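Look for chain A in each of the two complexes below; its partner is chain B in the first and chain C in the second.
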Partner chain A sequence: MRTRSVLDRQTIVVIGFLAGAAMLVPIFNGLVAQDSALHVPDHLVPLLGKYLCFALLALSVDLIWGFCGILSLGHGAFFALGGYAMGMYLMRQVGSRGVYAHPVLPDFMVFLNWQELPWFWYGSDIFPIAVLMVVLAPGILALAFGWFAFRSRVTGVYLSIITQAMTFALMLAFFRNDMGFGGNNGLTDFKDILGFPLQAGSTRLVLFVVSAIALGLGYLLCRWLVESKFGKVLVAIRDAENRTRFLGYRVERYKLTVFIISAMLAGLAGALYVPQVGIINPGEFAPENSIEIVIWVAVGGRGTLAGAILGALVVNAGKTWFTGALPEFWLFALGGLFVFVTLLMPRGILGTGQELWDRMRQRSQLHQAAPATSQAAE
Partner chain B sequence: MTSLRILLRAIALLTAMAAGAMAGPFEEALPKFSADSYSDTEAAISAVAGSGHERALTVVEALRDGRLLAGAGQVYIREASNGMIDAATGEIVGGAGNLKPVRVNNRVRRAIEAALGNLTLLSSDTRTRFNAAQAVFRSRDASALPVLERAIAQESDLRVRGALESARAAVILNKPDAPAVEKKIAVEILSRRGDQDSLALLSNVSASSAPDLAKAASDAAEGIRTRLALWNALQNVWYGVSLGSVLLLAAIGLAITFGTMGVINMAHGEMVMIGAYTTFMVQEVIRLHAPGLFDASLFIALPLAFLTAGAVGVLVERCVIRFLYGRPLETLLATWGLSLILQQAVRTVFGPTNREVGTPGWMRGALEIGGLSLTYNRLAIVVFAFSVFAILLLVMRYTSLGLYVRAVTQNRRMAGSMGIRTNRIDALAFGLGSGVAGIAGVALSQIDNVSPNLGQGYIIDSFMVVVFGGVGNLWGTLIGAMTLGVANKMLEPYAGAVLGKIVLLITIIIFIQRRPRGLFALKGRAVEA
Partner chain C sequence: MTAPITPALLYLDNITVTFDGFRALNALSLAVDHAEMRAIIGPNGAGKTTMMDVITGKTRPNQGTALFEGSHDLTALDEAAIAELGIGRKFQTPTVFEMHSVEDNLLLASRSRRGPFSTLFARQTPRERERMDMLLDRVRLTAHRRRKAGELSHGQKQWLEIGMLLAQEPKLLLIDEPAAGMTDQETADTVDLLRDIATTKAVIVVEHDMTFVRDLGVKVTCLHEGSVLAEGPLDAVSANERVVEVYLGR
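Let's turn to the complex of A and B:
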């Protein structure tokens, strides 16, 4: 493992980058002249905010995959659950401004001829409860799922496959109108959050900054976790699960804890994502989305935390560019990325960079050392 | 007027000569068509149809097509080739004065349909008679009774006779003034027929009739209901087996690559898709160059699909997977990437829309066994899936390739020491698994849309089947596929298609907790597989 000083440097870089983004984007958006090259146009702000949410999501996957060896192919489910919890709050905020102007029921319920709010929508109009649900809903699902899975020692590929089945089942469930989450269309047509209109530039800037702060805090939390003794046990589980168990650690508890934390982070990412893109629908549960998250982490560098953030930003920026300029080739590029990274860059951008850096340093040290030894020989 | 009278007489004479009878109900009924009143037209139709006259069918058909013209008590039929003919005799007539088409409304149209049903009862074609009997069974038109009696008397085909008799029973049961004895016989006949329609008829009876008849009817209805429920359950089992064999086809290649080699091939579904597109290509070529071969197209496509998908599989193994042995999670990601590339490649070449794959003639239609309806294409897929399974089992057990694959699976290094070229075996086994996926694609092209997304729909289900059945065991895959298929179809009537599927997925997730290595796990002493 890397030395402590390098890790600290990484933390400084990540936090510095996020702080810079949180300060510079509002400045370049609001204060720099429109025709300037540095100007950040309005439509870019929620897009960048979206990237930050994805980065937080990638971070949550890296925490369990990179440090505990749990490859979840269903993390999109936790993300979407968090998103739905936030979407419910935003839906209730619409109030009587909906198409059917019903004071309590969201539009889709009126449309389905429902007379009253289902019980699980109670309290969703209160912001603190909504925020609580954002972390609780994914957390409870992760607890239930992980409790069974880890206790019966489902590991490796099997776990990946059943996580995929989990998100698939949830997708099918949320597509149903009877579920009470808007079915096919999901939740959309939001008006405002905490009284601030979502369409306004200032609200979007605030959301962007909040996303950056959340990502920074999430990063610090993960960093603290993996640095702690808890994190060392996680790494031990990743590298030799049975040996760790034989040493007397309750492997299931460690796995379950980190899985729940990761799910909550993913839920938080989803909750920040929804107000910025303005919609949440069952498509977010699609197994393909969850696999895509894993590739962000792999591209950036598994088990580095900062790599997950970097990967999410790079791949998503690439996606935006590709789907705009060469829509036909996006899947080729993404597919190629999967193959390329797993075959040739298994440690991702950060890991490979680190390797090159170390090698260069070694070589220069060798060069410095070589004359000394030859002198000594003389 | 005199010329008219002469004409009438001539008609009567000719008819008498032709039919061997004097002016009967047919001739009496015809003039009613010219009355220009719907109720008269309706009466005329039923009289004409009931007359049993040989020209009755022609007249009613002409009326249906708007070719029946009437004026001044005379009725004619306009024919495309011969101009005008007399409705009663079929003789060509010249200018016939001021004629108007006989008007029809919905009520008349219904009468026409019923009459046509009755008339075709006497057709010389067996199939037409059968269909006509079915039509009467549904319409329960009392006016058909005389024709029915005649048709039954002269019917020689057993199947048609049965249909005619149940039609007669339906009519009698529906006729208020029919004698009770006949009604009882009708109930008996219907209870023997025992389908949904008979059930409806019998339940209608019980409401308002003599107590003993009502009892007979309700008993019969009860019997039918039990029998129908049984057939229904059987039909659901059949649907389940049919779905199970689709799952088996999709998963069996995976059972080799994942089950025995331990390679997670997320691009497996795309191999199925490649097989389906191969079928499409084969059919295109046949359509252009040898249309006569169309019925054999699937048999031509089978080896080609096996080779194409197998070749892609070998290529994938050589270029990507062989570098990733022992790293299942990385394999999963890399093959997922490959699946995206393959999908997009097919989308670029063939376009994103569904491609039309035709069904050969021998796969159309359905086999009726009692209350079961087995469509031939589903039947073919079930048979095909089991044959593929059997062949694969034999290959794995009795060929040298199978032996080598098993050896490499059990102990790679030992197998290598014994002189088995493990690299080649890996490639061949992967090719075999992909090739089997390819021929699955040929079969699935018959029941699914051939689009670039074809494979994606099967990948999760296939993995579920393999994991459920137990990795490394072909029998487990068979049992897994059939269990999941039947369970899915049994749940569907109660929970609906989507909820049923969700329930099943959750059940599998819980099942894997209980038995993490599947139904038929390989026993071993290794702590970590």
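Let's turn to the complex of A and C:
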């Protein structure tokens, strides 16, 4: 029932790559001399960690888009919610070290003259509760959204548009001070996580390694999902939704299930992202962020999982380079890349690579077979 | 429900479906017995496919009764629930899951629990594998089991879809134009297959190909403009004045 061979090779490559990164980055950062070419400077560690978080986010989008045909243009919202859940914990960790030195209230609440903690901040100082909220908050939003959207059979471009509306509405809400999440400044000025200072190199290395592990586990979870019979139903829905229904499958339940799982993965990615970049603000809800995620997936290769990871890493590395060298051209480059991929490489880097590889193998087999047949003809 | 209203397996009475005022089905009544095969003929637009849409829950009738096994009200159930009752359907244009292998297509159709959590932890049992082998053999696709369904010929896709129907183990099979795009040999084989299926299950076949319908040798219902024009053996139906008029008048 589970498909093997080629896909397993892909799993080995992905896990091998992540395990290698998780081991080599700390080594090259800590043990290799600073003047060596192999040295990974301190500032690069959280940047690489950030890429891994984006890769996990791209993976979550590929799970629903690549395998179930749900094109979410609002996945940034789930990422941001996970980020806010983590940000709340980090805010509470600041304690009385804030500018206003209030023992309980975060600075922005003191600034707004709030007397006590809003109820939805209760428990945010307890790490296990924060972690729970990291997946629960996006999960509950996905449940509520998906319940209405999938039951009323909203599909295709209409669904994409309402996911955009969802993230846009949340952005406007989070911009408001009275939402209780720090308004347009968001949550920032974090001090430490679980008692370890966020500025310390060792903490950053650990966060990087944890991100790599989360991405690896996320990948394995998705792989397991798509190779199960459940995953086959997802692909059936993607390719022939009505047919699947007439076979007796409740399509909306499948969509809802995979949408919630995907939202939770996105939330986890956001939670790992926030301590590494040190801030979360409503800008993360911006509709264009969500569109960018889809571009990563399209560039890497939709419906391949590994392609989503690859796409996120490649495009974000490009973005870092561009914003350093030619900042005003980044958006043009991104748009151009998207057009290029859609028109000329509809299966993305991974799909196109696979195609070329297959063709080359076929050709070399032909070459090997050709002398034999010509001899036979003589 | 109490005592069944009708002994028929499928009972349609006075079904009307309108699309923007246009009556696709007009007070249609039809009854099909257990293990009966029925052929439905009728000119294009007669409402044959729409009738199947009503039976499978895709289209809700504006009025009328649709009962399965005398007690299940088909007009109140959704597609998945109706499929689970035991009504399977082959579409007019073959729709198989092109990206899945032939075997996976059958596997997805095969009778088993349909919920997300059941499929997540599903394991294929030896009995299931045996059934799969039998089915592949019956629709003559054993040699193609690992191929993608999208690579099959048109006729093979039709057969795969019939195989998927069988895998569902339904009590009633609705088969829309099975012979379309088939070679003569394939068509003859399809007749044999359907006759074999009909020994244990009820089958409704829609077909334009009159040789095919003749070879089936079953009771025929002719639809026209959404209602039954004539019903009976093919010879009687095709001798019917109004049927001749409808077919020749076009």
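Everything below uses one rule, namely that the second predicted complex is superposed on the first by the 367 of 378 C-alpha atoms of A that agree within 3 Å, B and C clash if a C-alpha of one lies under 4 Å from a C-alpha of the other, contacts with A are read in each partner's own complex, and residues count from 1 in each chain.
Here is the rule we use: a residue touches a chain if its C-beta (ideal position, glycine included) is under 8 Å from a C-beta of that chain, and two chains touch if they have at least 3 such contacts.
Bear in mind that the values here come from a model prediction, so they are computed numbers and not experimental data.
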item	value
Chain B versus chain C as contact partner of A:Thr203, first or second or both or neither	neither
First (chain B), second (chain C), both or neither touched by A:Ser290	neither
Partner chain(s) touched by A:Leu71 [first = chain B, second = chain C, both, neither]	first
First, second, both or neither for A:Asn281, with chain B first and chain C second	neither
Dominant contact partner of chain A by residue count, chain C or chain B	B
Contact residues of chain A, present in both the chain B and the chain C interface	242
Of all residues in chain A, those that touch chain C in their complex	1, 225, 228-230, 232-233, 235-236, 239-240, 242-251, 253-254, 257
Residues on chain A engaged by chain B in the complex (per definition of touch)	71, 145, 148-149, 151-158, 160-162, 164-166, 168-169, 172-173, 175-176, 241-242, 287-288, 291, 294-295, 298, 328-329, 331-332, 334-339, 341-343, 346
Touch list for chain C against partner chain A, complex	56, 58, 79-80, 83-84, 88-89, 91, 95-100, 104, 107-109, 114-116, 119-124, 164, 168
Chain B - residues contacting chain A, complex	264, 320, 323-324, 328-334, 336-341, 343-345, 347-348, 456, 460, 463-464, 467, 498-499, 501-502, 505-506, 508-510, 512-514, 516, 527-528
